[in-house]
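Chain IDs A, B, C and D follow the sequence of writing; residue 1 opens each chain.
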Amino acid sequence: MNGSRRLSLIILAAVLVVFVVSWILHTTGFQGDGAGTWLSVRDGFLVTLAAFLTLAIFSFLYKDNPYYKFAEHLFVGVSAAYWMCVGFWSTFVGNFIPRVSHTLSDFFQVPYKGFNVFYFVPLILGIMLLLRLSSKVGWISRWALAFIVGTTAGLNLIRYLRTDFITQVSNTFVPLLVDWKGIGPFFSDLSLSASGQFMLTLSNWVIFIGVFSGLIYFFFSKEHKGLFGTASRVGIWVLMITFGASFGYTVMGRVSLLVGRLTFLFQDWLGLIN
Amino acid sequence: MKHKLLIGCCLLLLPLLAPAWAQEAPVADTTTDSTAAMQAPAPVTDLTARDKENDHGHGIVLEWTPSVDDDGGLNNVFGYVIQRAESPDGPFEERGRVPIGAGGYDDIGSKERESDGFMPDYVDYYYLVRTLTVDEAVYTDSDIIGPVQSYGQWFNTGRIPVLFFVIGFMILTMYFITKARGGAKLFVRRLAGIEAVDEAIGRATEMGKPILYVLGLGTASDIATIASFTILGRVAKKVAEYQTGLIVPCYDPIVMTVAQETVRTSYMDAGRPDSYSDDMVYFVTQSQFAYVAAVNGTMLRELPATNIYMGKFFAESLILAETGALAGSIQISGTDEIAQIPFFVVACDYTLIGEELYAASAYLGREPVLLGSLKAQDYAKAAVIILAVIGFITINFDWGGFKQLFQVLD
Amino acid sequence: MNNLGLIISALVIGLGLLWLLIRSLKGKEVERRVIFLFIGLSVSVPLLFNITFSEKATPIVRAVFDKIESLPPGSKVLISFDYGPSMAPEVEPMSDIILRHCMIKNHRVYLMGLWATGQSLSASAVDKIIKAEFPDKINGLDYVNIGYKAGNQGVLNVIITDFRKMYATDVDGVDLDSLPIFDGIKSLKDMNLLVSVGGGFPGIKEWVLFAADPGHIPLAGGCAAVSAPLLYPYYPRQILGLLGGIKGAAEYESALMKKYPELTDMPIPGIRMMGPQTLAHMVIMAFIVIGNLSFFFAGRKKQP
Amino acid sequence: MKRQIPIIITFIVGTVLILSVFFPPFERLGEDFSIYFDIIAVFAFFLGGGNLIRIHGDKIFKRRKDWGFSLVTILGFFIMLAAGLLKLWNPGGIAADVAATGSLFQLMYDWIFNPLGATMYALLAFYVASASYRAFRAKNVEATILLVAAFVILLGRTPLGMYVTGWIPESFSILQIPNMAIWIMTSPNLAGQRAIMIGIALGVVSMSLRLILGVERTYLGVDNE
């Protein structure tokens, strides 16, 4: 126990030393005026801080540790405040104030857009939501929730029916035979190009059967037995191809994110590459 | 059985009643060359203007036959300018430009009285179309037409197909709900992911470790999140019965509010209201990766026996699921975010794929009403399959009209 | 440096994988941290040592290269910049390398754009590639930048019959008729090859429908990886070849390097970005293979 | 009463929004309601922020495990909140964009929030690898299909795929791995995605109907039926 404590103290000391050295090295020098010096000192600190936080997050891959905990807790605090501020300025000051009060619009220097009584609806609902904090009238917050859920249900019902359901269904109407030109040309060009009818035709079959059996897999009220069971099994296979393919396709994009982070460390912080 | 057939047929035939829509005007290829450059082109002909249908006013549709010198004749047309005035004598102002080959233009103004581009309804407008050449000074105006007024319609006929589907689906759902209430037995297949939930809660109790329930990054305006509340309600009830721990970190404050309400009620229903505390369901932060960082930390520190992820998930799905696997937890997931399902399938023990997430809430309840709505969903799927087959056949016989029935105008 | 780095990384990663293979054949699971370490190494080592892989051009990329390579010097190639800054990291290497190839082959190059943002990007390509690498090329004789005109596919509709109806001057305001490069050029149909780099709207698809198809003009394209599958059906009848994503750019760069080995200090952003990604992919694939081998030979009895 | 009114509200709001789509004069209702939702969400921030302070404050006062880190959260929260709400160091004053260059808010965003978020995101590269190692095992038919599809796509995105199968003539080019990868992405993958999408759409429609009709009400803290 004592040994591990000593080790963590040594690590802490090392981290502090590296931090300070990095800060000094990144402080590009002392300009003549005070402002320039201050900016340089500040930027040196910020680069070092960003690098420290980056490494702290990466350290989680080894195991949970105090440096990760520090980064995590800082991140939670800063980000919660970040979205509160953005919500306040963009929605509350940007959308709400210009519709309810001329004086407040002037105070926040946003253009007043004319009084709109309907904007008191969200105000009232918002206050109802806050009443949750009181145990006596907390039940009234359900009215606000009911409004939110009703809106959600109404909007989504139509949106999904229109864009996902109707369009996807009609996209499945595809020809079974594409430009039939005889057996010879059909089998002699097995390429993805527009002249390769075999693949075009095969693709259409695969799409049709895939959608068909995939939908059968999603039947809930019928037992998946017999012919129906076979179709549903084919459906699972199609879904598995989809999952495998999407997974494989994403790998490259994820790796490039890591390239971006490591480039920051190697280039902006350590100056190892250019 | 007869009822079923009848309803199925109705659902299939409904879209057939909807009007078919014309395709876009074909765009001409300009292939012939011409030497006459700076001669005035012929004007456009057959210019018509009428109110735009299916809108709330403030729009006028113009149509014309392109100049004979557009793709032929002198072949010197550069484009068309649409001009509008409030009297036949002008002044005319430019409303828009279209390239050669175009035979129409939608003049859509703003609906906002305060905005600059406001276009009032019930006002007489006069239009002309100017045929341009590359030389700004050489052009030909069409005859002036008008007056024409824009006005709003009360009903959008362009969305009739959607209305048919809504009504059809509503009838189906109501029918099966009534039937289920009447005592008919409805079969529902097993959902492995949901059955695993009960098992996992038992396991957590044995191990004396808590259950982590993640509602995802959805807000209360996502149906997936609302479906997740139902599952949370069920989980919380079991957890309360077994006296296991429950941790629900939330991403959205409103979601947190609802989740607290749901869990509290479940504890009350289980007869253990005092075991509930608001600390079980807490707000973390409304930032994707900060939330993940915190949940990751929780997973490795509290080592929950089971992690349940239900709702909307984005790039963080795999970070959560892999960290959970590292902590040795059993993981059950469900999302309707198609791009993330593969990651859950790969990294979790059980996954509810898309629609199964919504079905789960009905399945858990086991109430006839909810099961009835599942049955309606299945019938709709059967209708899709039949429609797809019909579409397949019509396309193969080059009868494009059927597919056009599915066009929804905006 | 490059070779040393390659040897070091090959040794480290190769031997490491071999050790893991032997271990897992004995039935031992690979610990997660080892996988993490390998991924970290396979991304950082190529970054640090600047390791690159020579790509072998797929036929669809090869077709573009061969076309430009086989055109006689002085052929007229039009390159359209149909993208904006957000797409630039992925497709800019393509317009750069194709422009460079045309310069090497002494083709006459006409630059334009269907996107408003394309104009500044084509201008920067002129500065970055033609002016910097080929200083003896003369503007107006060997190359010209006619810039952007509004109208999307409408622009194509016009310039397929006559450039001068749409473009009176080049970007510098010089009359087209006074530019020797436009001698005897009336419309797109006088071009030997069209190249559209982009992928959004308007983009390659509009070039196919409104220029290449009606005018029977050869067209090549370059686009982001996401839009490549959508354009595939046009190949090879309507598009003679297509560079898809950073990988397409890398393949082209490597084809060019192979053909002109003297171009040692040519920037190769595509290949450089592919280096870490390729190695990481291979390591992941190796892990999948090792995982399955251990599953079949050693762990089968133990696995649930 | 406490249970009935919320259900009636949901019913009315939902029905009105559905009908508004078909009646142009009411078309903008959906948009307006979304703005209302955003405004309500701002009020909810108080709930969220309050909850955050309560949870972490509690930890600090009761000196629970890791209370020191909770202090970090609270400090980070208040400094960022002050920087944002008071627009500290903001060169443009109150009228300027909250994240104007040079403001404390923007500095904290660029050098704390952003590196942390980007690094968390970059962890995915590692997790993608460990998940593929762990899960891509040919345990049964389904797992094998998953494995093969992923492997072909991975191969197709590296030069290796071309080295192995580049010799196959153009007329059989589908057998070249990069082409096979493209085909998988555009055909079976598309079919699977479409099936899931149609299913989800039906699920959403059905769930929305259940909510509007008031048969699904757990979200209100009311048990079904």
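The working rule: a contact is a pair of C-beta atoms (placed from the backbone, for glycine too) under 8 Å apart; a residue touches a chain by one contact, two chains touch by 3 or more.
Values in this document were obtained by computation on a predicted structure and should not be read as measured data.
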Chain located farthest away, centre of subunit C as origin (C-alpha): B
Pair joined by the larger number of C-beta contacts - B-D, C-D: B-D
Centre distance in Å when subunit B and subunit D are each reduced to the mean of their C-alpha atoms: 16
Distance between chain centroids, defined by C-alpha means - subunit C, subunit D (Å): 32
Intercentroid distance (Cα basis), subunit C paired with subunit A, Å: 28
Geometric centre distance via CA averages, subunit C-subunit B, whole Å: 35
Residues within subunit B bordering two or more other chains: 159, 162, 166, 169, 220-221, 223, 226, 254, 257-258, 261, 283-287, 289-290, 293, 341, 343, 345-346, 353-355, 359, 374, 377, 381, 384
Per-residue multi-chain contacts in subunit D, two or more chains: 18, 21, 37, 40-41, 44-48, 52, 113, 116-117, 120-121, 123-126, 128, 130, 132, 134, 136, 146-147, 150-151, 154, 157, 170, 173, 179, 182, 185-186, 193, 196-200, 202, 204-205, 207-209, 211, 219-221
Touching two or more other chains - residues of subunit A: 57, 60-61, 69, 71-72, 75-80, 82-83, 129, 132, 142, 145, 148-149, 151-153, 155-158, 161, 165, 169, 172, 192-193, 208, 211, 215, 218, 239, 242-244, 246-247, 250-252, 255, 258
Contact graph of the chains (line, ring, star, complete, other): complete
In the complex with subunit D, residue positions of subunit C that touch it: 30, 32, 35-36, 38-40, 43, 53-59, 228-229, 232, 247, 274, 278, 280-285, 287-288, 290-292, 295-296, 303
Subunit B - residues contacting subunit A, complex: 114, 159, 161-162, 165-166, 169, 186-189, 191, 220-223, 226, 254, 257-258, 261, 283-287, 289-291, 293-294, 296-297, 300-301, 339, 341-343, 345-346, 353-356, 359, 363, 371, 374-375, 377-378, 381, 384-385, 387-388, 391-392, 394-396, 402-403, 406-408
Touching residues (chain side subunit B, partner subunit C) in the complex: 27, 29-34, 37, 75-76, 78-79, 98-101, 134, 326
Residues of subunit A that touch subunit D when the two form their complex: 46-47, 49-51, 53-54, 57-58, 60-61, 69-89, 91-92, 95-96, 108-109, 118-119, 121-123, 125-127, 129-130, 132-133, 139, 142-158, 160-161, 164-165, 168-169, 171-172, 188-193, 196, 199, 202-203, 206-211, 213-215, 217-218, 235-252, 254-255, 257-258, 260-261, 264
Sites on subunit A touched by subunit C in the complex: 61-62, 192-195, 200, 251-252, 255-256, 258-259, 262-263, 266, 272-273
